[in-house]
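Chains: A, B, C and D, in written order; residue numbering restarts at 1 for each.
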Amino acid sequence: MLAFECDYNQGCHERVLQRFMETNLEKLPGYGEDKYCMSAKEKIKAACECPEAEVYLLTGGTQTNQIVIDTMLADYEGVIAADTGHVNVHEAGAIEKTGHKVLSLPEHDGKLDAKELAEYLAEFAADGDKEHMVFPGMVYISHPTEYGTLYTKQELAQIAEVCAQYEIKLFLDGARLGYGLCTPGTDVTLPVLAEYCDVFYIGGTKVGALCGEALVFPKHNMPKHFTAQVKQHGALLAKGRLVGISFDTLFTDNLYFEVSRHAMEMAEKLKGILTKYFEFYLDSPTNQQFVLVENEFLKKLQEQVRVSVNRRYDEKRMVVRFTTSWGTTAEELEELDKVLEALSR
Amino acid sequence: MLAFECDYNQGCHERVLQRFMETNLEKLPGYGEDKYCMSAKEKIKAACECPEAEVYLLTGGTQTNQIVIDTMLADYEGVIAADTGHVNVHEAGAIEKTGHKVLSLPEHDGKLDAKELAEYLAEFAADGDKEHMVFPGMVYISHPTEYGTLYTKQELAQIAEVCAQYEIKLFLDGARLGYGLCTPGTDVTLPVLAEYCDVFYIGGTKVGALCGEALVFPKHNMPKHFTAQVKQHGALLAKGRLVGISFDTLFTDNLYFEVSRHAMEMAEKLKGILTKYFEFYLDSPTNQQFVLVENEFLKKLQEQVRVSVNRRYDEKRMVVRFTTSWGTTAEELEELDKVLEALSR
Amino acid sequence: MLAFECDYNQGCHERVLQRFMETNLEKLPGYGEDKYCMSAKEKIKAACECPEAEVYLLTGGTQTNQIVIDTMLADYEGVIAADTGHVNVHEAGAIEKTGHKVLSLPEHDGKLDAKELAEYLAEFAADGDKEHMVFPGMVYISHPTEYGTLYTKQELAQIAEVCAQYEIKLFLDGARLGYGLCTPGTDVTLPVLAEYCDVFYIGGTKVGALCGEALVFPKHNMPKHFTAQVKQHGALLAKGRLVGISFDTLFTDNLYFEVSRHAMEMAEKLKGILTKYFEFYLDSPTNQQFVLVENEFLKKLQEQVRVSVNRRYDEKRMVVRFTTSWGTTAEELEELDKVLEALSR
Amino acid sequence: MLAFECDYNQGCHERVLQRFMETNLEKLPGYGEDKYCMSAKEKIKAACECPEAEVYLLTGGTQTNQIVIDTMLADYEGVIAADTGHVNVHEAGAIEKTGHKVLSLPEHDGKLDAKELAEYLAEFAADGDKEHMVFPGMVYISHPTEYGTLYTKQELAQIAEVCAQYEIKLFLDGARLGYGLCTPGTDVTLPVLAEYCDVFYIGGTKVGALCGEALVFPKHNMPKHFTAQVKQHGALLAKGRLVGISFDTLFTDNLYFEVSRHAMEMAEKLKGILTKYFEFYLDSPTNQQFVLVENEFLKKLQEQVRVSVNRRYDEKRMVVRFTTSWGTTAEELEELDKVLEALSR
């Protein structure tokens, strides 16, 4: 059965697996203190052109969002996110579990608008009643967003400027960052993120690793005793090597970007195929494509192809997501084209 | 350099790695819904001789302890543990982070005493002031304990009986369970645990897996919406296959017990070697051995051998831990013997 | 200076104070176990015509909201509220502090709409992805609402029906309940609330008490070990008599309703006065009146009258709240009329 | 019935009540912003001879302990307390509820020993494994302690020195501070506390107020946005005047010390009486006296006198607490003497 429902349905890039085999019996220190973690961190700092950065390797996305938000905010602060933001909708309350409110603003194709953000913060600053409210302490954005859309460098700069003005932090969730960075035409790079963000992460789970996210604090601002805090969240991996070797490999010979570019080529092909059969829900430049599929058609489609049903669009149609990844092949896409053609007859 | 500091300093058993390679490109559902997770769970239920059990796969030990305690206790309840218990000392406050107090009782070679437990619970039950106190809701024990010691079947039965009498839960942390179950002379088996415990876990991280713990609810008592609660704790692995394949392999052809028995054979050899040079801190029957090492000697030892320094014993000596694991070889032990002999001259 | 900014700017009704004096030196048990607390509870149960109800006395509104929501929800559940709901906006994150998300729905003059609620719950029930989301476990409404508006008995019945259908709880915040119950024309009574709500509270702080809210669990559904849980939230008053005597007095000879009716008579007068000078922001039937005041006018007004500035309405005008209470006098209102007239010339 | 079970079984000092009456109808700002709160704070700062201090008025003891510990510790820090400390035993887990572990040290007549504290902190500082442990961030002591004992100025200085050396905070719980400060022979004064402590509170609930504790931050170190944090804990009183007027009155004309001295005179009398009939459990210099009472005797005693049964001492005897307060009269003590004499015949 064809499977385009997500970008984390396969294991990991073969070179990562190869490195697991080569290093398997080496006796290494635990908890991320091994040489592969060290090496991975150095390579990531180099790729960010940010030697003063601190890098910390974690296991998954929700875990990373929870830890970043909880450890970087004061207890009385909340995090601003688009109402469609992952932290606001799809993390089972992991943010609130640690005591922080998600303050939602309207989304625009999944993105926050710098102007609306500034207005919100200005209004809060002017509110005489603010001691009865949740203080905004951080802005959370994802890049690509939940809808596959991207910020431009200028948009990031504007958001960062607003954050700086109100002295709140900017956090960028890069669970699919590789795909965003390798989208043709984008002017956003790792050094750009290191410049504008207070903290961001480079997703591995969806971009070639078995699991793992590389969290980057570009401003020498990693929270104090961060390892203890990660442990306190139940998130300290005994065998940090699992993530360390993954990122060390992905950041050797540009593998991270190579696999991302491959996914984007596949995404372009996918887009071309989908155009023939569906109307797009919105224009996503990255590896997630959202189309409108009629209910009847969807039913038959799902017998042959795994897709992700996003939500109801209208009485007759659903928003359906097709995704490519580092592991998608041209053959699979050709097969998809045939299936769709057959179903459309 | 020789390394006996812990049982999680190598990757994973080669058969597990082999299965990762074979299944790597299969497109599987995420979040533990794949066929390997399903298969692993069935095999574990069979090994426990407990078809009604529910099994849930998690990533690490502290994470598992935190989730079990937080999801199985009422908000106003705490967990009873030996004062040396892992949850009381070495989890950076992960239990309290979720709002629950660890109520400590005296340890006896790392173990809780059923009688003292009963006395504590009787006293609490009789206290007219209890609405001002933390209600004991669970007993946490580890098997093997932090000091490598084991409960007998009878001791477990006694603790379980006390728990039943006071209607509180019994949770057994089995981070090193394989080694405990394969210790010569023990009468504790997986079915025994399934009978006496309300919840326990079968450790993978320290027993042949890259990471992972298999949590068993033998009494059809898995907390409601457990996946949502795991997610809320930031602990839901996108690629559940990572743990699923590990346990599926470890519970095929008794591999879990095979590797555990190997570690125990190595532990016997280790014990024989250590006896020649050191006084034992206590008599541990399992893969962790604790000896008293003079400060000067320790300094030189650490130049050639990685060990775990547990704590100060007296002015001159430290309690030092040597550990074997599934990956320990006879050659390493012979090498250790030679080093110790040379240092002792 | 005239003061209409809120309904909690004076001490307490003189009869309450009188009772404090009469009972002051009696030696009473602490923590709400005294005879006045007992008596107050019995009187409240009688007023609710609900002998099986359990009543618990607490100190303040946010505290009560926090405790109710935290103790009645499962850890993975959130509470649904209108986006203007007090728990969503004005409690400094007290709800999230205890780990629960506020799930906001659109407000209509401060109220939730039963139909929209049903749609939200139906959509959640149908979502295949729900284990990644916050489970709705309770509906929070306030009566009167933040905007002084009231539910009809039928509207309450409809919301209660939706809650019952989806097996979630209905919680009514009655911080200003007296004023709501004594509004001419309302068909909502204490027995009606006891029938439709799973939990509600009768506000004292704003209705004649020095402080205190009487929490009612009409369905024998008070959370287990509730006193311990109140203590755990830091909210157990040593001298429970403080609130007990207040409610015992307020529920003797219908004082609670008498003072509420007085405030409503004053509110009618106030409404008549405001009509002469301002446009109303919305039509509130209770003791809070919201009018649009031009910025220049407001500035001058505030030199003579304390009011509550709610928020910006447009470039030129603010939404301003005038409030009456149990302590408002006709003389004050006449004075206000004169001030407004003078300013309007 | 005679009542010596605690020091909070009566209302409040008549002068406080008098002030409630005089000010009752004044329209005052809420949330502690009124003139009486302001005045109370100024008087307390003066009494502490600490003009730079910040004072905040709260409602109760557990609430104050919870808020101080939660707002002054980093998330990964715990609080050190004697194992008999109120925060460790009698607050229903309120400290852990906010995520912080209580790290217990042995008590000596209810007190912490500076030397043992220093040893504990030195050991922690030397521990290479500390990122897996809870960081000690504060020392909690009570004065008088749970057993009525007092620190000397020198003992406080020593504890403060240890705290300073390890850069952790010193918090003194003064729920019964008045009685401690007015104990004959003590060299501890409010200015002494302001010098040695990072934060402490002056108890009102047990010393003449209806409720309320005055929290003092003597080093200009009140946590940021403290009102918002108090609100977030559900502890912000709408009518702050309730506590403000109480402390303003208690700190006028030395009333706080006057009522405390009275209680201490009564305590001396009480001690003289108890000596005739019982063996003391320990030597308490303050208003709580602990004696050993035989079970049979206790049973009969409780028919005529309310006392607090602390805990079992041995097979035959219980530790029983008798307490005096601001409201105790010489007549009551004479009555007690007669009752004890009659029972002892």
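In this section, a contact is a pair of C-beta atoms (placed from the backbone, for glycine too) under 8 Å apart; a residue touches a chain by one contact, two chains touch by 3 or more.
Keep in mind that what you see is a predicted model, and the values were worked out from it rather than measured.
Colleague: Enumerate, in label order, the chains that touch subunit B and subunit C alike.
Modeller: Expected: A, D.
Colleague: Using mean Cα positions as chain centres, tell me which chain lies farthest from subunit A.
Modeller: With centres defined by C-alpha atoms, farthest from subunit A sits D.
Colleague: Quick check: how many Å separate the C-alpha centres of subunit A and subunit C?
Modeller: 42
Colleague: Averaged over CA atoms, how far is the centre of subunit A from the centre of subunit B? Could you give it in whole Å?
Modeller: 33
Colleague: Which subunit A residues touch at least two other chains?
Modeller: Subunit A, residues with two or more chain partners: 75-76, 91-93, 97, 99, 131-133, 228-229, 231-232.
Colleague: Quick check: in the complex, which residue numbers of subunit A touch subunit D?
Modeller: My answer: residues 31, 70-71, 74-76, 99, 130-133, 135, 224-225, 227-229, 231-232.
Colleague: Along subunit D, where are the residues that touch subunit B in the complex?
Modeller: Its residues touching subunit B are 75-76, 78, 89-93, 96-102, 123, 128-129, 131-134, 309, 312.
Colleague: Considering the complex alone, what residue numbers of subunit A touch subunit B?
Modeller: 3, 6, 8-12, 14, 17, 20-21, 23-30, 59-63, 65-67, 91-94, 97, 205-206, 210-211, 228-229, 231-239, 241-242, 306, 327
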